[in-house]
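Structure record follows, encoded as structure tokens.
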Amino acid sequence: MAPREALSTVLDGELVGHDGLVDRRVLCDEDLYRRELESVFERSWLFLAHESQIPNAGDFFATTMADDPVLVVRQKDGSVAAMLNSCRHRGMRVCRADVGNAKAFTCTFHGWTYDASGQLVNVPKYDEGYHGELDKSKWGLVRVPRVESYKGLIFGTWDEDAPTFVDYLGEEMCWYLDSLVDRREGGTEVIGGVHRWVIDCNWKLGAEGFIGDMYHSEMTHASVGLGALPDKGWQYGAPRGHGTGFFIDGLEYWNGAYGDEVVRYYEEIAPEITNRLGAAAADLVSACAHGGVFPNFAYLTGAAMTIRVWQPRGVDRMEVFSWVLVDRAAPPEIKEASRRGMTRAFSASGTLEQDDGENWSEIQRVMRGSVARKHPINYQMGFGHERDDVPGLPGTVGYVNGDLPGRGFYRYWAELMRQGPLKRANGDGSG
Amino acid sequence: MAPREALSTVLDGELVGHDGLVDRRVLCDEDLYRRELESVFERSWLFLAHESQIPNAGDFFATTMADDPVLVVRQKDGSVAAMLNSCRHRGMRVCRADVGNAKAFTCTFHGWTYDASGQLVNVPKYDEGYHGELDKSKWGLVRVPRVESYKGLIFGTWDEDAPTFVDYLGEEMCWYLDSLVDRREGGTEVIGGVHRWVIDCNWKLGAEGFIGDMYHSEMTHASVGLGALPDKGWQYGAPRGHGTGFFIDGLEYWNGAYGDEVVRYYEEIAPEITNRLGAAAADLVSACAHGGVFPNFAYLTGAAMTIRVWQPRGVDRMEVFSWVLVDRAAPPEIKEASRRGMTRAFSASGTLEQDDGENWSEIQRVMRGSVARKHPINYQMGFGHERDDVPGLPGTVGYVNGDLPGRGFYRYWAELMRQGPLKRANGDGSG
Amino acid sequence: MAPREALSTVLDGELVGHDGLVDRRVLCDEDLYRRELESVFERSWLFLAHESQIPNAGDFFATTMADDPVLVVRQKDGSVAAMLNSCRHRGMRVCRADVGNAKAFTCTFHGWTYDASGQLVNVPKYDEGYHGELDKSKWGLVRVPRVESYKGLIFGTWDEDAPTFVDYLGEEMCWYLDSLVDRREGGTEVIGGVHRWVIDCNWKLGAEGFIGDMYHSEMTHASVGLGALPDKGWQYGAPRGHGTGFFIDGLEYWNGAYGDEVVRYYEEIAPEITNRLGAAAADLVSACAHGGVFPNFAYLTGAAMTIRVWQPRGVDRMEVFSWVLVDRAAPPEIKEASRRGMTRAFSASGTLEQDDGENWSEIQRVMRGSVARKHPINYQMGFGHERDDVPGLPGTVGYVNGDLPGRGFYRYWAELMRQGPLKRANGDGSG
Amino acid sequence: MAQAEADTAAGTRLRPADAALHHEVGLFLYHEAAVLDAHEYDEWLALFTPDIDYRMPTRYNRLAREQGQATASEGDLAHFEDDLAGLRERVDRIRSGFAWAEAPPSRTRHLVTNVRVWHGTDDSLEVESHFLLYRTRIEVDVEVLAGARHDTLVPGGPHGWLIRRRYILLDQTTTVNLSVML
Amino acid sequence: MAQAEADTAAGTRLRPADAALHHEVGLFLYHEAAVLDAHEYDEWLALFTPDIDYRMPTRYNRLAREQGQATASEGDLAHFEDDLAGLRERVDRIRSGFAWAEAPPSRTRHLVTNVRVWHGTDDSLEVESHFLLYRTRIEVDVEVLAGARHDTLVPGGPHGWLIRRRYILLDQTTTVNLSVML
Amino acid sequence: MAQAEADTAAGTRLRPADAALHHEVGLFLYHEAAVLDAHEYDEWLALFTPDIDYRMPTRYNRLAREQGQATASEGDLAHFEDDLAGLRERVDRIRSGFAWAEAPPSRTRHLVTNVRVWHGTDDSLEVESHFLLYRTRIEVDVEVLAGARHDTLVPGGPHGWLIRRRYILLDQTTTVNLSVML
């Protein structure tokens, strides 16, 4: 990017072209990054936590929405509240633990205390210092105005006028996502703990990868001896940038990855899936499906499941939060097999994960100069070959090895970037 | 901040409101930081060193004015000169020692040599290379144009048209500052050495904290068992952003902190203080007083004393230079008690210091994203309850737990930011 | 620099004055750095490798042009091709080795494969995924459009309309450079391996230093006991910013540095040099000559020779790639003496090298604040004393201790900066 | 005290080994570090018993009163939790030539310090040590990981001992790509 | 030679301890590191004599000819200068639950190397060692401090020795928050 | 296996030294580190034989199949390749007062770990160790270098042994200013 090239000039150009080309500056330009924090992340539904992480009143999980620290807290009435983890007085982080249980959060700087819902309940020297004039009801922690739970997945958004989460997903994506969270009676739960690690790359490399890139599997993961992957499968891209892709008819592929028992488990639950979601969903689950909800939630479903968030940490760094997901109704040994299998494959030490990270971080590094970043990257695979007539599959789909969801991801991203930040009253004391 | 939002737009807005709210971007915006180096630091009086650090001709102390390296050198005539520690030839740092004694400074790159006053006295190849044409009198080290010593404290400013240091302080603040530097005959001296450490936070968190924040003491320093602090006290804020705050009637509080001997010492010198500065000053000194001179000089007075500078090192980092100050006339055992006590409490390993740093650095870290930084911080404590009728105390004061000096600090800061950089001839060879 | 001061305002000003003063912002301003990547580096001939590094077909050397990764590959027909080391699909670095031999480069992300000339030769799922519609001939690696070899030195440029390398050098500079690469029949070769290290300074400090700064030698390198250097010598500056400087009559000086044998070697080859390049060249080579080709190639010639590149790695960091060069016709013991001598003196552990780095990195560090960078640096040495009548020496020259080449370097740099980036079709798929 | 700390401190109630055994165990651990740093993975695998239990739990920042849960328990997520087949799979992977995260390989240096040895309940030894893993790769990147290891050794193998259990207490909560062994 | 360097090198004129004693002292220092890293502060305090002199002076960049003053002398500012009451105060503070700089606590790892032991003038031992203190906390922050320690040990305590004097020569001039013990 | 790795692993075919010798050699290396960190260069030079061969080759990222060439061979460029005169020249330079890169001096700390000793073919010893070199200077800059050293010791000198050959395998390919000794 030419230095100080006005942002508007850049945005008027074709950052994301109709020809399937994407300007590499979307991955490495600092100004675009600052703008996407506001235009993309503040307007979107962001994953916060899984319900099973915080079962009891006072249970909290500290996460971030993009790079803003947020506390997700189970309330006494069983609901979930999310709030900015920053004291309204001088801005101190009110809770520095990753996870725990607390009745209240007392700021360590001057001692303002907030209850589990974020209400300001105690202010030292309230009478002598503030002369009783501070309106405590206006100085509670900044609440995330909209929080919704979708079958165990808790999402929140800063945009008070956002559509409901289900509308945001769209009916089609709901169906695809259900193959992750609603395939069995009782839904899902996460194994205890979170895998967290950093990768020196832009968050979109992870996000778009899980939304739309099955194509990399054979080459990137050649080391684990997957051999030739199934050659049948589909991918779907939603209007709001979500997407998924999956093989069909790839069950035997799991023997190698997780052993016989998960294959047997799948065979046992296939009728239940068919019953709940239709035969197409059972097909989809039978082999590995990748997917993601725009902008930065991702998942894998199939014999074993994981959910994760790509947390932006600057234009060239992300932090991954990753969980292992299991059917609540699965027998203990299947949960255990999932736990060990996903840890081996998809954690920081994961035998598949490592090589994704290597590719993403080197893509990032290559753009330090001025020439490479001028050459757009290619999302043309399968362009013009979309179909909407595949039996059982909602929406417009394409061949599993394709860029259909990737194009959709970047198109929607570009649309939000052009719309710009939320209009919002700024600087008032009302939270 | 929206990317590339023009600085002028930001400055026209209410970074520092009349309602006691302060925009958090003043702490984390890179452009505001670059501007404050020029608009705030280049226009203000900055602390350089204590006279007792450099008693003999040729003694030097290497410090920074904001983030520019400066040498403070005792001259043969006993005066103090300060100069940019950067060779006029190609810019090399001419002295890389922290402290020492030197007759001259020879640049290690090409050997230009400057005397202790900064005059260029030797240029290798002057005849063959420069043909004797370089006007050495114009290429001395860049002198800090104004240097003044106030009762042992040496300050300098880049602004040739600045008011005198005493006028800059104002009559009222002089009186408060005298409780640090003029409480006994003979004035003060520093213990040998400097504590230096870095904290990953904006310098204003330290500066405003020492100028106006007594309020944090009970909570932040709860670990050292201070118990309930005195409930009487005042704070003062000067028009140019200086400020101080202090308990009165808190003498017994010192027993815990420094032991009986410093309490006895204080009782012994109280009459002298009263005699020199008035009974109010003796009261002030009897318990801990915090204070600071705008922008980045700070001190504590009371039974034990420290002076320090918050050196900016980027928008999100500062380096603290901290000294232990003692009355020159104090007996050796009191000086020793001060040295050990202040080291234990207020150095990098200090039992009080550590927790200040934790709060400040977490405030900084919380602002990495885009949401938290949009919510202003609160300086409303005691707003509208200022008084100017407290016997013995000059100026407008408020209750010790309050934000009066903090509001003044930010108001004056904002005024300088609006005024912008010094107009100055640039690029001439005249230094 | 005032924050957000428009780049155009800066460029209209006198960054590089006609009075021999240079604005220090050219060394530390981030925006100027981003602009110089495009305006200076993309328009100039940049050193890639020495022919002797890649003798056989498939031999490759991975380097950078400025901060863009480039592969330099020996082709089957003996020619040399250079190409951006970044996959055209999603941008992955296609080769992560520093050096080696390869028939093809297979991208580790999705498996696109390029042959040694950069042609895209294999695309997985070409039929199923791309429906055979991707035009492979348009998606080869981005080739450096112009690559030329000058007596063993391989240079490349991104500017298709650039003059030939010889025209870029100019006739005069060719003659000076020949004292490095053409002093003996058979030309030169490099010793195996590359010294690579980083210095935290702007690349121009290295570049201008080797192009024009003999003046620093006595002071900077005082530790190695060079004693007084010869006092006769010249320096030359080319219109396009290249330059060189050298002593004459300094042969005995080599005894100390490399021992008798290199002196004897020089005496033996002096007639050959005279014969090939003239007596003046033999004089030049007899003592140490420094030199550089704009922007970032540098060399030393004389008894021992080195070539190097100052690779920019951000505004305040460079990575040095350095080779030891020898006459191909030199006897083995002279090659060995060169290898050991240059390693001792001019590698990361080099007894001369280290002190250059100390000066350059401290010059950089001093500019962190706002004041030092406002004071221009001085290139006035020998201003107005240029001559063009020195027998045997082409072009306008000056006394060896002077700033003639430095002024030329910065003048040409400023001219390119004003011209701005190459106009170039951007974002097309044609590479 | 947290489970993990209890675990690593367990040895303190056991009978300390003598100087000779400390020396022997030190050499064994240095040998292990050397083969690992030289990428001699067959040698490395040969240092474990067939029933090796190799694990490195995740860790968390917790409230003061919840420090006992700052290290993940069994059944929660771990960074490593391998049996011998699992370790061999990692090694085979690296040697496949397709493990891109290690191609070109990291240059690692395992610094093993603070070695303490106790006799276990049988003829085994309980060994605690601190480690620092220095790792550089490709360009100028350097990562430094640190932590403690609690190994259980049993007699056997050409070097006198085999590792039956390795419990690694990494000091980080958030890590980088863990493509190397500790 | 600077006071500090003289100090740390003092032992070299003393009679070296034998291998057995080196082994014993090594274990003692490793034990200390282990309890410190496990935040077992009572155990840690029990390793010092009642008259412990625990100090870490400040250091400076000085001119070549003033290298003798590069480490602060007694009477100048120190980073630490504690007696037993002082150390106990630090420990009590950390355990108060209100020491925010250590809540949540740093995860530290003391790597103790280069241990050398000499007999003192009485039955004491003079011990030199190098250390690296690795510390991570909250997010991905890592700090690495290094330096040398000169300890004087005297017989006593359940571990055979007690520390009577600890002189720490930290390598940094400018530090970070020193909320941990070295 | 690469030349360099072969080189550093060479000792493994030799007869291991006993515990006493390991102890002795450890002390010798710690002494060396101490004098180096204290800038006592005469002491340091006295630890080498007159025919010392001191070298540290450059290293490269290579393709998987070319790992054998990842460390430079003799005749290629090295970071250090000094004889005694060369080392003395470096020392004299630093002490000249004009070695700006070391004025003011780096504060270094050599941490020597993983020491293993074998008997050589004559009365020499082959010694492998890992090192971490911590270095800070002027401001808050810290650099950490790591690697392995393969030393050949021969009997002699006041400390019992002299270094006849030092082969340093630094882990970095791209370095910083190497103005310190390893």
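Order of writing sets the chain letters: A, B, C, D, E and F. Residues in each chain are counted from 1.
Just so it is clear, a residue touches a chain if its C-beta (ideal position, glycine included) is under 8 Å from a C-beta of that chain, and two chains touch if they have at least 3 such contacts.
Quantities reported herein were computed from a predicted structural model and do not represent experimental measurements.
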item: Given subunit D and subunit E, the chains that contact each of them; value: A, F
item: Fewest hops from subunit A to subunit D - one hop per pair of touching chains; value: 1
item: Length of the line joining the C-alpha centres of subunit A and subunit F, rounded to whole Å; value: 49
item: Subunit B and subunit F: spacing of chain centres that average the CA atoms, whole Å; value: 46
item: Rounded Å distance between subunit B and subunit E, as computed from the means of their C-alpha atoms; value: 32
item: Set of subunit F residues in contact with two or more other chains; value: 19, 61-63, 97, 100, 103-104, 111, 113, 132, 138-140, 144, 173-174
item: Residues of subunit A engaged with two or more neighbouring chains; value: 96-97, 108, 198, 220, 319, 355, 358-359, 365
item: Contact pairs between chains, per stated definition; value: A-B, A-C, A-D, A-E, B-C, B-E, B-F, C-D, C-F, D-E, D-F, E-F
item: Residues of subunit E defined as touching subunit B within the complex; value: 56, 58, 60-63, 66, 72-73, 75-82, 86, 89-90, 93-94, 96-102, 139, 173-179
item: Contact footprint of subunit C on subunit D as seen in their complex; value: 100, 103-104, 138, 140
item: Interfacial residue positions of subunit C with respect to subunit F in the complex; value: 96-102, 191-199, 220, 222-225, 319, 323-324, 336, 339-340, 343-344, 347-349, 351, 353-355, 357-359, 365
item: Of all residues in subunit B, those that touch subunit A in their complex; value: 1-4, 14, 17, 21, 23-24, 27, 215-216, 218-220, 231, 355, 358-359, 362-363, 365-372, 374-378, 380-385, 399, 401-402
item: In the complex with subunit D, residue positions of subunit E that touch it; value: 19-20, 23, 27, 30-31, 33-34, 37-40, 97, 103-105, 107-113, 132, 134-140, 142, 144
